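Below are two complexes that have chain A in common, paired first with chain B and then with chain C.
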Partner chain A sequence: MTIHILNGFVYGGLLYILSVGLVLIFGLRRVVNFAHGGLFMVGAYVGYAVALHAGFFTGLAAAIAVLAAIGILLDIGVFRPLQRHDPLLTVLVTFGILLILEDLVRSIWGKDYVTVSVPALLSGNVEFLGLQYPVYRLMVIALALVTMAGLTLWLKRSAIGLHVRASSVDAVTTAMQGVNTDRVSATVVGIGAALAGMSGVVAGPLLTLSPSMGSYILVDCFIVVVVGGLGSFTGAFLAAMAIGQIHNFGIVYLPWAASSIPFLIMIGVLIWRPQGLAGGAST
Partner chain B sequence: MTLLSFRDVASYYGSARILDGVSLEVGPGERIGVLGRNGVGKTTVANTILGIATMKAGRLEIGGREMKAPRHFDAAHAGISIVPQGRRIIPVLTVRENLQLGAATRRPGPWTVEAIYDLFPILRERADRPGTALSGGQQQMLAIGRALMANPDLLVLDEPSEGLAPVIVDQLVDVLNRLGRAGTAIMLIEQNIGFVRDVVERYYVLSKGRVVDQGRLDGVSLEALKAHVSV
Partner chain C sequence: MNRKWVAAAAVATALAWGGPALAQDIRVGVPTSLSGPWADLGNQVKRAVDFAVNEQNAAGGLLGRKIAVEYLDSEGKPEVARKQAEKLALSGNKLLVGLIASGEGLAIAPMVGRWDALYLSTINKTDKLTGDTCQPRVFRVNRPDAADAVTVKPWLATRKEMKWAIMANDIAWGRNSGESFSKGAQSLGKQIVSENYAAAGANDFAPYIQKIKDAGAEGVWVALAGRDALNFAQQAKQFGLLDKTTVAGVSFVTDNTVATLGDVSKGIYGIVNYSSTLDTPANQKFVKAWQAAYPGTEPSNFEGETYIGMQVLFEAIRKASSDKPGDVAKAMAGATFDTILGKQVMRAADHQLEGPNFFGIVAEQGGKLRPVIQNTIPAAEALPPPDGSCKLPS
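Take a look at the complex of A and B:
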């Protein structure tokens, strides 16, 4: 039982790191970013390609840097020009970008599945709660907690965090105070994309890499965001951990229903509490 | 050098022309009023400075620099802080954070969070409450405090007395006169003629997007001014 709970937290942690980027971008840009799954997948492949030559952690750093740059370009080149248009147009464009990224990766790395090894530094097991549990998996849980703490501190304690919170509610009034809200948006989308890239690399040793991996996890990611409450960081964390548990226990005990249970929960939450579990909260 | 200058400015929302050849200017330390009835384009003066309304003709100088298409944040960088109509307090930020937001383009000067608390002591008492949990008058104090945090050369206030009790308006008069005496230029966009008379030295009257009267307030009767804003 304990091992299933821990595995649920591992998947939940991974979902959180990915979903919180989506939450950040939605909170500021009001964009439902289908390309986020593509950013996750590109991050995984960039990390894999660099890790082949320079090791896992260099691959991780490279994926974060490359995806941050892609995120900034995405904001400047797509979100900013489309911000005064119908939001549906932006959704369609981001869906197109997801398909383009999948084709791009397929043409570079092929369509075959790719496996990534656990880095030597984090290989092996450690005794935890009376179990021999993989160090790498514990590190994923720790990374999710550090990401949550880091984002909370950044948003609550830094000047740019203040500007992000203000912009997400009233960008015009924030700009009136002299804040360059375009720069704030580019920073936020860059960070959101970097988190997607980081989660892609971290997912490498847990999942199998394929060009469609982003599309698959994007569905769980959207469930997390909707159940947690669009734009809510706390809600995203709680929902990610809950979906992680449900996903894992479903696979173990109800494999025939495992993929549909998260959808049923999302439907239930939307009927009971359309704003999500923590909807309306700013953090 | 003028802090703000409009020369024959025409401003639009979409295809609707709101300002039709407006000229006005504010120099350092001056206190001016922009008067007029509802819907004559007073707020559009502030919105043109902010780039919310689109300027299609004329010349706009902000902080001595010509701006053809000002971005929302340009005025603050040029030393002009705007207290918008309706206050626009950020609801997810506390009173203290709303003030800190105003320091985004902070220049050297006397205004700090503590100095704002000294000016409006109620804000110190409510520092950790959400900005929108304050009363209307307190929110107006917060909006003014937020604007002062940048240590501006010019403070533009759009209908600050709107919805406030007379006793609160009297407090605002005191505060604005103190700011004026300290050298901050003030541009008061208002319909409340009594309030304007107690604060400004010069005035412009707008009607249908044009300046139809202007001058110094000395010697102008209250009734003559009221005629410009009464329906």
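Take a look at the complex of A and C:
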């Protein structure tokens, strides 16, 4: 039982790190960013390429830096010019960016699948709660918790966090108070993309790298974001952890229905609580 | 006037570049997984078809005509496969090969006659394709699940492990393979303690792995392919399942997955339907030509099987002296074909090509980690006789 709960937290943790970037970007830009799966995938490949020469942790740092830069460019080059247009247009553009990123990665790294080894420092098992459990998987849970705590502190305690929260409520009034909202947006999209890149590298030793890997996990991320509440950080955390557990226990106890349960939950939330489980709680 | 000249110049440029297939060409349609969980397999099919077509065209084509090939992405989804195969067939590419998932093959099989086309499976494994849902215009060159069950049984009989688990894709092939393995294992007095069928494209196999461990399985039969196979192997290694349990499978440890997984795949047993190491003059000639076309590579399991399919297709066209699907089908049924695995008969009763099958283990051979053949089942024994469920018009 304990090991199933831990497995649920690992998958939930990975979903959280990826989804929270999506939540950040939606919270401020009101953009449903389909390119987020592509950013996750590019992060995984950048991390892999750098790790081949300089080790896993350098790869992780490089992916975070590269994806943060891509995020800032995405905000300046795409989200900002499109902010006064129909949101559907921005959604279509982000979907186009996803396809471009997939083709770009295919042309650089090829069509063949790639696997990434667990870094030596985090390989093997450790005794945890009386069980032998892979160290790397425990690290994923820890990283999700650190990300949650770090983002909460940043948003609640820092000046820029205050600007982010204010901009997400009313960007015009916030700008009138002397806040450079363009800079705030670029920072938020940069951080959101960096989180996508980080989750891509973290997913490397768990999932096979392929140009379409972002599309596979993006569906689960959208379920997390919708169930948690669009734009809600607390909701994303709770939903990711719940979806992780439901995914695991569904396979164990209701294997015939396991893949459809998260979708049923999402439909239920959309009908009975469209704002999500914690909609608006922390944005 | 200027516009007409521009249009004419554009057409001329397209034709000079290679352009679209011409009406007089022999046209082959390949709906295959160029994206999705089996994109890796689809790309292998594409490489093999390209190689076979280029080789044949370099030798003067067929019936004095050039062979043209057109690809469409089936995404590994039966409904998309049906749509793409129909698009290919109705645009003149009526000789169809290359679908990956069994469900895709089953989805187009009943439609092939209506499209006046022919479908030749090189990868689909479900027994149903040449069993109770067989069709006059559907043929198969690759080994079906029933043949793989025959191949694994002698090995299974020698194993001391009594408790086995199944880990397969929740698609027609995975279910069929799981059932075939279960029957074989139970007939040897072994017990199936855990059956697991994961959706195609699954990310997280941890709950399945834990279920297998909790069930006390001493052996695991794996029927996963492409990305799913890699995800499972990688995660099973982290949980110690590959080190503590005997693992065997089909389409699980192929040349490509072994190349990607490296040492993780060492010691895994598996069905080998084709190997570039098979020491026959025809196969060695093929491997040499392949290496010239694709330097630094050897033909993989699925590439070898697809190439055999193209050999059978080309020879049937030659025998029929026609590329009309009806004529090719008549020429194919019951005929003997000269392939890289020797002479093989296309059974008239169910349209299944007879041929040898192999079983092996992932180990170092020639300085390279690869599936190494340990047991060969000759053609006469590899394929169970038709079970009578296929009713083809005589």
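Here are some notes:
The criterion applied here is as follows: the second predicted complex is superposed on the first by the 277 of 283 C-alpha atoms of A that agree within 3 Å, B and C clash if a C-alpha of one lies under 4 Å from a C-alpha of the other, contacts with A are read in each partner's own complex, and residues count from 1 in each chain.
Operating definition for what follows: a residue touches a chain if its C-beta (ideal position, glycine included) is under 8 Å from a C-beta of that chain, and two chains touch if they have at least 3 such contacts.
What you see is a predicted model; the values in this text were computed from it and never measured.
Contact residues of chain B toward chain A in the complex are 50, 52, 71-73, 75-77, 82, 84, 88, 90-93, 97, 100-102, 104-105, 146, 150. Contact residues of chain A toward chain C in the complex are 3-4, 7, 10-11, 111-115, 118, 125, 132, 134, 136-137, 205-208, 210, 212, 216-217, 220, 247-249, 251-252, 255, 259.
For chain A in complex with chain B, the touching residues are 159, 162-163, 165-166, 168-170, 172-181, 282.
Interface residues of chain C facing chain A in the complex, by the touch rule stated above, are 35-37, 39-40, 43, 196-199, 201, 203-204, 206-208, 210-211, 226-227, 230-231, 234-235, 238-240, 256, 259-262, 264.
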